[in-house]
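Note that subunit A is present in both complexes that follow, paired respectively with subunit B and with subunit C.
Coming up: the complex of A and B.
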């Protein structure tokens, strides 16, 4: 338990460091955000006045302190471009992205890990070849291309699912699910490949260990051996999974753009394009928090399935 | 008994799996629900930045704001000016006074009756620097707006300005008196209601309901609309779909019933699809390259001529397959009234590879050089990215390397029109005016001169251009104006201060069950007549 608490407190510390670096990075970008916000013919006085209004005339450390105090007190500020309250913006976009990314990731776990296991248990068999093709496709084909192909064949060709957009749950469960299917499949294809490859190699590694050979020699059942092997091969997969969950929000940038899903990632992409600094800072910070939480969850999972870690504490 | 005997684990799993699969089929049918209940969805490429008709930057935003806000005059789908909130209008002999008779049966969405007070307030606020409205400079020729009666209003002009009625069809609206002042309901500062959520502020066929950024804008039917029995729809949705292919998919799957900016190369093929209709009309828009005349290499006249003469506009027209007419001067579509066309200027600027090489040899860059060209990442009226790539290849033939940078709309406008102007390429859409587009680029009184530094670098040409523009504005007939506009075209060609590529046609695709849709030559979509069969 102390290990988890130690990791958690380190994560909080890391979050502060990252938020400061993030603040610093967005502030060292050449040019004033005022030039992106104000009209093209804004005078110098207007630019300076706008900068004062947004505390941009203060030293970066002071700006950061003000921002941190406001953020911790729940005041997330306003978007430079849309003037919308950022808390509302996040409330509208985060659940959308979190939902479909989690589903896509969950699907990748459900398909990828068993595929990797089957592939490891039957090396060079037809199932292994299929898994390899899936992995090659998932890793090498860009998300946006897969998305466009799915739209072309599954949506336009077969008419099964809408080609884009996000239908809220309030509009009915079936339209809601239908709007999620294509983006979820697009995302999951990549991570299915990641999970199946990592599971396969980790499982093969464990299956070649002496203790497995001993277990077999001692007449332990095949399925029991597989369960032991899987349990021991999971820690690296969990660690990769935790990292990948964070990265999946990067993949979501393209997927949300193609499918026109008004989620957090699309909001981040637009904020980057429009130099909306408060929006960029907040969105990246949220993705960082998700990243940290995913890694913390991975630590907890490893702690649960690995008795050696428990004994260390 | 044999059936019972045949049940084993494998069969059970196969059967239950198949049943589960079959149970999914009913909800995998096409989305028949869309378009139901007279809900119309239109797919646009750009996120509407704001709904203020006097502060818009692009036509997608305009399409949305025109559902809420209306003007004294409007343009019909063939480009003719028609009365709208004004029943009729007249202009004095000297062109300095315009009088508008207003309708007396128009109500704002908040129930308040529209009067001349509201019209005066609208035109006074748009000209007031305090409100910082993007289209202000278009209205500065108005000296004073005078109320003659609750239904009659007079516009006194600083100088004859025959663009006034044409501009009144776009870039403006009528909003209730006081709606931009502090203390508005739901908008304490009074700055944002019109921009962000114009609830109750317009007279148009649609009442603003909701805007979800990067997603959609929703309007509901205005039951008290002054055009009785219109609109036919109950709900109107503008859905933001930036990707060309996905916008087409929206149309094909009936997620959207109308789409704008169809992919130019696919347009001809798509309009013949079963269940899809499409049409294009010559428009008042031109594709052009505007430059920073003060920065290398565009500061060199010979280099600019080399660029213009190296562009094979016919090749670009082939790429667009029938929705593009190549021209090297800033001219208008074939059916534009009083269409000016300076043939001499066209010949001086049009494609001629040998001449391009000669100009390049005379320039400061005889061995070629490179320059940056920004284009919009999301189609603005028409997707110019393929045309830009073709242009890149054409200029490479004479040793000019073009570095194309695609930018999102806001960054694009900053780069294209801002202080550090970068050479850019896009489509410029005009109201039914032959002077608007040229004046917008080169007239010294305009807020945004696209040909940056024109006035400073070429004072003589600029002076002559301003004179020709004023004469065109003072012209009483389109034939008279044509002479002056041709002079303006010639003045641009004198130092090649702007590079025209050609006219684009307005093009739309819609589902065949949509009735009342007509392609608008001025591109802004009219939605009030639309209905579903």
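Coming up: the complex of A and C.
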């Protein structure tokens, strides 16, 4: 238990450092964001007053302190560009991304882990070859290309699904699901590859251990040995899976861009193009928090399955 | 007898020679590794010799011949401005490989030195500080950070007077720095087991200084895992460059880059100019698959103990 608490406190510390680094970065960039926001012919006074309004004239550490106090008290601030409240902006975008990313990720777990197990249990069989081809293409082929190909063949060619956009649940459940199918498939292709690759190598590793040989020699049933082996090969897969869940928001950036889904990742990309610093900072921070939470829950899960970890602490 | 003497004299050379032939024959035994090596060599060949072998000028606008499907004079067709797709693909290999290779070269020294020192002085305060620092950088998804940093720095070249920092150089540095934590951790894993081995203790009692122990004895033992990682990270760099260019943060049009070509092809999804979409994506995929297969084969030959490679998303 101490282990997890220690990890958690370190994560909080890491969050402070990362948010400060982001602040620093936006400050070392030559040129004021005012030039991106205000008109080209804005006078020097206008720029200065705009900077003062957004506290940009203060030193970095002071700006960071103000931002930190505001954020911790629940006030996420406003966008430079739209002047909209960032909290409402996030409330609109985060659920959309969370929904389709989780669906795609869940699909990848359901397909990828059994595929990896099957290929580890039958090395060099046809299913092993299929799994390895899927794994290699899945990690190598860029997902925005897969997305574009799916749109051009499945939506435009066959007309099965809409080519882009996100239909909210309020517009009916069938159109909502239809708008999710292609992005979910695109994302899950990549992570199916990741899961089957790591499950396969971890399972092969466990199967070659002495205790499995002993269990076999003692005449334990095949299925039972498989279950034991799977249980022991899961911890590294869980760790990789948790990291992958955080990374999937990076992939979501490209997929949302292609499909035009107005989610968190797309709003990050737009904020970058518009130099909307508060928006960039908040979005990166949210993704980081999700990433850290995923890693922490992986630690907890491993703690539950792996008795060795429990005894250590 | 004479032969034996020769062997002794040229021992060093012969050892290397044996290693190289062993390596090549091991590589030739894996079909996929051989294919990967072939693809890697082919892409480097295309990137280096693009100006001489490309049939057309990649930026030559030829409006009368625009949007031609693949034919005898334009093997992969032409784009909206009548530019030859094949020539642009050949030139597009340049930024991809430049970013892929240079980013690894930038990240490697930092990652190796941090990993070596932390591993050698395992348990000391130095190790704690170094490894915690890498953990903090590793706590954010790589792609998101790369996109955010490049976006904040802006895509315009920064003119320093004596030197112009192009956007490509920025990407190379950002990726290179983001590679450091992963490399440091994998080097740390090897170095920390080597540091407590008997031969290192023996060398210590002989009075060999730490510096020469770290770089003379421990470093060579880390090189195989570093080689494998370097190959796989190059694949990651190729993907990252294409992705950044695809969302407009990498190579800027009209220069040829696979990501730029794909993002231009997006406009033609609905009108059926499939060659604009198909070939650039294929080029990225084949290149990345080639590097990954080559890297996997290298790992099987050089370093079969470590199953997992780097995460590049």
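Quick notes
Simple rule for what comes next: the second predicted complex is superposed on the first by the 313 of 313 C-alpha atoms of A that agree within 3 Å, B and C clash if a C-alpha of one lies under 4 Å from a C-alpha of the other, contacts with A are read in each partner's own complex, and residues count from 1 in each chain.
The rule is short, and it goes like this: a residue touches a chain if its C-beta (ideal position, glycine included) is under 8 Å from a C-beta of that chain, and two chains touch if they have at least 3 such contacts.
Here the structure is a predicted model, which means the values were calculated and not measured.
Upon superposition of the two complexes on subunit A, a steric clash is found between subunit B and subunit C.
Of the two partner chains placed by superposition, only subunit B is touched by A:178; subunit C is not.
Once the two complexes are overlaid on the shared chain, A:17 sits against subunit C while remaining clear of subunit B. Within the superposed three-chain model, A:297 lies out of touch with both subunit B and subunit C [touch as defined at top]. With both complexes placed on chain A, subunit A has more residues touched by C than by the other of subunit B and subunit C.
In the superposed model, A:152 lies in contact with both subunit B and subunit C.
Contacts of A:201 after superposition on the shared chain: subunit C is touched, whereas subunit B is not. With both structures placed on the common chain, the touch criterion links A:258 to subunit B and to subunit C.
After overlaying the two complexes on the shared chain, residue contacts for A:160 are found with subunit B alone; subunit C is out of touch. By the touch criterion stated above, A:273 is placed in contact with subunit B and with subunit C alike.
Looking at the shared chain after the overlay, A:247 reaches subunit C, while subunit B stays out of its contact range.
Clashing C-alpha atoms between subunit B and subunit C turn up only in stretch 241-249, chosen from 241-249, 331-339, 475-483 or 511-519, once the structures are aligned on chain A.
In the superposition on chain A, the residues of subunit A touched by subunit B in one structure and by subunit C in the other are 148, 151-152, 156, 163, 257-258, 273, 275. The part of subunit A that touches subunit B in the complex is made up of residues 35-36, 39-41, 81-84, 89, 92, 148, 151-152, 155-156, 158-166, 174-175, 177-178, 257-260, 262, 266-267, 270, 273-275.
By the touch criterion given at the top, residues 10-11, 14, 17-18, 22, 25-26, 29-31, 136-137, 139-142, 144-145, 148-149, 151-152, 156, 163, 190, 198, 201-202, 205, 236, 240, 243-244, 246-247, 249-251, 253-254, 257-258, 268-269, 272-273, 275, 277, 280, 284, 287-288, 291-292 of subunit A touch subunit C in their complex. Within the complex formed with subunit A, the subunit C residues making contact are 132, 135-136, 139-145, 147-149, 151-154, 158, 235, 239, 242-243, 246-249, 262, 265-266, 269-270, 274, 277-278, 280-281, 284-285, 288-289, 292-293, 307-308, 311, 313. Interface of subunit B with subunit A (complex): residues 27-31, 33, 47, 132, 134, 192, 196, 212-216, 239-243, 245-246, 249-250, 252-253, 255, 377, 407-408, 410-411, 413-414, 417-419, 447-448.
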